[in-house]
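Structures follow.
Both complexes shown next keep subunit A, but they swap its partner, so subunit B is in the first and subunit C is in the second.
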Partner chain A sequence: MEGQLLIDCDVHHRWKRQHEMTDYLPTAWRDEYIRAQGTETELSILMPAHHNPHSRGSQKRLDTFPGDGTEPGSDYPLMREQLLDRLGVTRAILGFDIGLEAKPLNPNFALPIARAMNDWSIDHWLSGDSRLLGAIVVPTEMPSDAAAEIRRLAGHPRLVHALVVANGIGKPLGHPLYHPIYEAAAECGIPIAIHAGTDVVPGGQMTASGIPMSRLEHFPLMIQPIFHHLSSMITHGVFEKFPTLRLMVIEHGFTWVPGLLWKLDAHFPIMRRENPIVRRLPSEVFREHIRFTTQPFDFVRKEQMVQLLESFDGMEDMICFSSDYPHWDADEPAHVISRLPSAWATKLFFGNACTFYGWDPADLVVST
Partner chain B sequence: MTPAEDVGPLEAFPDRRVRCVTVAGRTVGVVRLGGEVFALRDRCPHEGASLCAGAVEELLGADGEQHLTVSDDRLVLACPWHGWEFDVRTGRTIVDPKIRAKTYRAWVDDARVFVEVGAGADG
Partner chain C sequence: MTRQAAIDACVHNCAAAESEIVEHLPAAWRRYIGRPGTLPNGGGAMPIVPLMPYHNPLGNKLRSATGVLDAPPGSDPATVLAEHLDAHAIERAVLCLDREMFIPALPNVRLSIELCRAVNSWTEERWLAADPRLHGVILAPLQVPELAAAEILRAARNDRMAAVLFGVNGLNKPVGHPVYDPIFRAAADSQLPVIVHAGLDCPVDTLTDPVPGGPPSTYTDFHVLQSTPLATSLVSLIGQGVFERYPDLKVLLVGGGVTWLAPLMWRFDTDFRALRRDAPYLRMLPSEYVRDRIRVSTYPLEVADASAFQRYLTAYDGLDGLLCYASGYPNWDCDTPERVGQALPAAWGERVMRTNALELFRW
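And then the complex of A and B:
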């Protein structure tokens, strides 16, 4: 958008060939565990996930295929042309596609994979275009290993949050099992990010009552886990125990926020005794510690959207623009702001992200 | 009104495909179905994607027994981004006819394709 500072909080990048990333694995894992001896043939790192594929054969925008047989998101020149330069993006946070490789079936493989992904990302994507920032993907099901990876990389200037992407343990994220992750993040002063799709992995549960029978069901319902994860984190005192912890909720949209927080607030007076560590209304905890990205933006009339958002105080301070490029359901900034109060543009497009990540807007440069 | 433009021989437009042409400075997707042609504006009304980058498909439906049906003569142009389906004849989306892509007059004359854009020509 011409003349507009624009931070895109969710962009997906990936390797052109898997061995680009697996070359960063320790020798034993790379050469003995996943590769056929003496050849380039290797095991696919991505485990089967239980979700419904897109009926058109791809979950990417059709125009984002680079044309060399590789996947969307793997081609920097094309990303620059279609997203960074075209939209005038000032900063873009890269989050792999979507990082589920960090949840292999073998838990002992999780940290080596996560490290390889992070090292690959730093070398291949975060050493050039200064607009590109990245995530530290962590092996969520091995919280101590995840904490070690956060501590290893949190000081990198281009890594902005720790990405919790695969819930292989099958526990809600407020469970004390995960505390080492939050402790490390809080200690290092970086936020946690949860991306949609956490529970499509073995060990997780994406939807109640089993796997949906169609993509149309899958897509709206795939945000179900976040209701549990957020309720769990809030009511089990994660933000009380780690008062400086911040959380970015990515690719869940946000029209569900009022309903969930109203329910939590309504029952808090009655059920507070279960969790006396929580001393504030859930919505107060939410407003202080949690932000979310806008995509996928529900296609409703503007007046409906505004009425909903204005019914829950402070929404304008919590939304952060995201495109989700190159996925099929990516959003355009002009489309998003056309359905929100125009006065929200500054906060939506960069103000809220700057506050959340501790950036000074004066350091941002309008991309020309 | 901008006069109609000859955009090329019919044979240059593959059957059941979309091909982009420029007419009076506008980018237009031309879809051929046998001896007929249809023209739509190259812009999805949802979020502005290029419809020319989309896919022409036979309309998929279902009969009363929930068996899938494929239409021989009703084509849709599906947006490459979010997959919205536009009837190539009317520009209207299959799901909600109130939403539509702009259409233009297009026809075949003497084996050549003509498209007319401009005041009064926009569908």
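And then the complex of A and C:
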């Protein structure tokens, strides 16, 4: 892939120690709430998710551990070596690991912690290597606070989308409660991104009909919420209310898109009666406003994957490469393109992402 | 295309009035339930069939072609036979009930136990006696799995009972959870498949979520997501080794259409490569368990453009062996055999419309 531009839409970065990030909190929250017991025993910000851990406990590639006791994704030199330089990445969009801290127990703390995460990310990761871009993580549970955070940071040249990742309200993301978030993003001209895992947090509904009972069951089912989040964004007319809004769906794969859209399109007469704001066919809305990252990419024969995707017009315009470095199931570009039509490579690796984020490929120069 | 006889794996029959079912309860329970018309405004009888929270603004049921206006659609055997089986050359139909399938999750568990027996008795007397083409499903008190097993073994003695119905999630666990084992054991011992029907989490009395990501705001959201409980059930049954424990068990997943299966199984097989240590008792790929033990109803079929649809379906190896025609009659989204036959690849017709069901139901 010599000379080929490569946009990686999903990379996970992390602090080496939590206090690196909590240093950015206002003093009162930091010293009287998080650090009342001291720096090394900071109050745990991360709410427990559904308890389906990996066998042996790690869900990161073993080769991505820095070897100094810190976590995968926390070491820029290692990320540069293993991902940015090795794959020839032009731009990588960093999305925390995976940002569920933005849904703390205390809703009054949600905005302070999201701000601290964003400020940490800007200072520690987005001030150097120009290949690195970032996300504005938002406290989804507090939509007006989320809107405020978007407005605060949307002008930053390295922040490319507002990241929705933890759904503590337990409503589908198209619900009017969340519309202040979309209004702010549309107003500021930046897209929303939804990363998988939205509903693993307390208050979320991850799966229909019961909680998965192992990691093996959890993984094929964990994308279920996005079917509803997308359906609800259609039925609540989110893209009619906010016509300039765009959405990147991250780490959900995409093979399910045709089936969902056939179902949604078939319901057009019903959904219009349920909400008169609905104006366009769902498939039309998706094609114009929504994109999907490719990871995790299934191990199937190329001809099967191509046949399934080509049964639905326009999939080649809707998918954007992502690695998901440093997770255990991260994808490599060669693996992905080996199972797609080679004619899709340009769009897959940078064309669709450039169009989506409003970049001119000629402006993207790999820094040496 | 000559019309071949079809087997319909799911018709939603129902009681015209709840008193039809109450009549099959023991006397003391009939007195407890009461009788309509004995209190003001026609009241006096305890309602026994849970309500459905989600309604299609265009109507939940077909308007009957025979114009039987007073009887609820699906409540009159003669209409079902004439309007559906006769009209479409259906050689056998499995009657899967309607909201009656929610009875096993009634909070009043003693009542739900009695009502399951009463429904099975009503099925035999009102429906199975009406025509040899009609087959029933066993309604079992799923909240109390050992009692459910006993009722399954009892009711299975009537060989016109074709399947065990798992139509409601009475214990708030995924369907493959070991708490439900007695039900699958009894079904397997009786050589009956288990039908898991979408909507099993709908009644307010269940604590499992009918759809992911929060309560649905519209009927559209609810209905579009009907494959999700079936996907969870499939993953749960395989992941928990239910098919290893019960080698004779087969399961039919009804009510989610067909397009969800390929993306799910491609992902499940892929994840299995790395995560198989979570389930060391599994001897095959998840898709191989599906091939051997799980079938999926065509109802409700998602087809718009038949040519695109067929390309999509044939991308998955062996899907023609996995599908069983089901009408879903008389729901608004039901499919005639003709519609399904035209939507599928022609070579699939015999298997999907008939022989997969013959094998599944052991006819």
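We take it that the second predicted complex is superposed on the first by the 356 of 368 C-alpha atoms of A that agree within 3 Å, B and C clash if a C-alpha of one lies under 4 Å from a C-alpha of the other, contacts with A are read in each partner's own complex, and residues count from 1 in each chain.
Just so we're on the same page, contacts are C-beta pairs under 8 Å (C-beta built on N, C-alpha and C of every residue); 3 or more make two chains touch, one makes a residue touch a chain.
What you see is a predicted model, and the numbers here were worked out from it, not measured in a lab.
*Asks:* In the overlay, answer first, second, both or neither for which of subunit B and subunit C A:R273 touches.
*Replies:* Second partner only.
*Asks:* Name the contact category of A:D119: first (subunit B only), second (subunit C only), both, or neither.
*Replies:* In the superposition, A:D119 contacts neither subunit B nor subunit C.
*Asks:* Is A:F299 touching the first partner subunit B, the second partner subunit C, both, or neither of them?
*Replies:* both
*Asks:* Per the contact definition in the header, classify A:W328: touching subunit B only (first), subunit C only (second), both, or neither.
*Replies:* both
*Asks:* Touching A:R61, do we find subunit B (first), subunit C (second), both, or neither?
*Replies:* After superposition on chain A, A:R61 lies in contact with subunit B alone.
*Asks:* Quick check for you: in the superposed arrangement, does A:E20 touch first (subunit B), second (subunit C), both or neither?
*Replies:* After superposing on A, A:E20 lies clear of both subunit B and subunit C.
*Asks:* According to the stated criteria, A:H175 is in contact with first (subunit B), second (subunit C), both, or neither; which is it?
*Replies:* Only subunit C; A:H175 stays clear of subunit B.
*Asks:* Looking at A:H228 after the superposition, I want to know if it touches subunit B, subunit C, both of them or none. Which is it: first, second, both, neither?
*Replies:* In the superposition, A:H228 contacts subunit C only.
*Asks:* Between subunit C and subunit B, which one touches more residues of subunit A when both complexes sit on the common chain A?
*Replies:* Result: the larger residue contact count on subunit A belongs to C.
*Asks:* Is A:E316 in contact with subunit B, with subunit C, with both, or with neither (first, second, both, neither)?
*Replies:* A:E316 sits against neither subunit B nor subunit C.
*Asks:* Find the residues of subunit A that appear in the contact set with subunit B and again in the contact set with subunit C.
*Replies:* Residues common to the subunit A contacts of subunit C and of subunit B are 299, 328-329, listed in rising order.
*Asks:* Applying the document's contact rule, which stretches of subunit A touch subunit B when the two form their complex?
*Replies:* Its residues touching subunit B are 56, 61-63, 299, 328-332, 334-335.
*Asks:* Which residues of subunit B touch subunit A in their complex?
*Replies:* Counting only subunit B, the residues touching subunit A are 46-50, 53-55, 78, 80-83.
*Asks:* Touching residues of subunit A toward subunit C in the complex: what are they?
*Replies:* So the residues of subunit A touching subunit C come out as 54-55, 167, 169-175, 198-199, 204-217, 219-221, 224-229, 231-232, 235-236, 253, 255-256, 258-260, 262-267, 269-271, 273-275, 296, 298-300, 304-305, 307-308, 310-312, 328-329.
*Asks:* Okay, in this complex, where on subunit C does subunit A touch?
*Replies:* 56-58, 169, 172-177, 200-201, 208-221, 223-225, 228-229, 231-233, 235-236, 239-240, 257, 259-260, 262-264, 266-279, 302-304, 308-309, 311-312, 314-317
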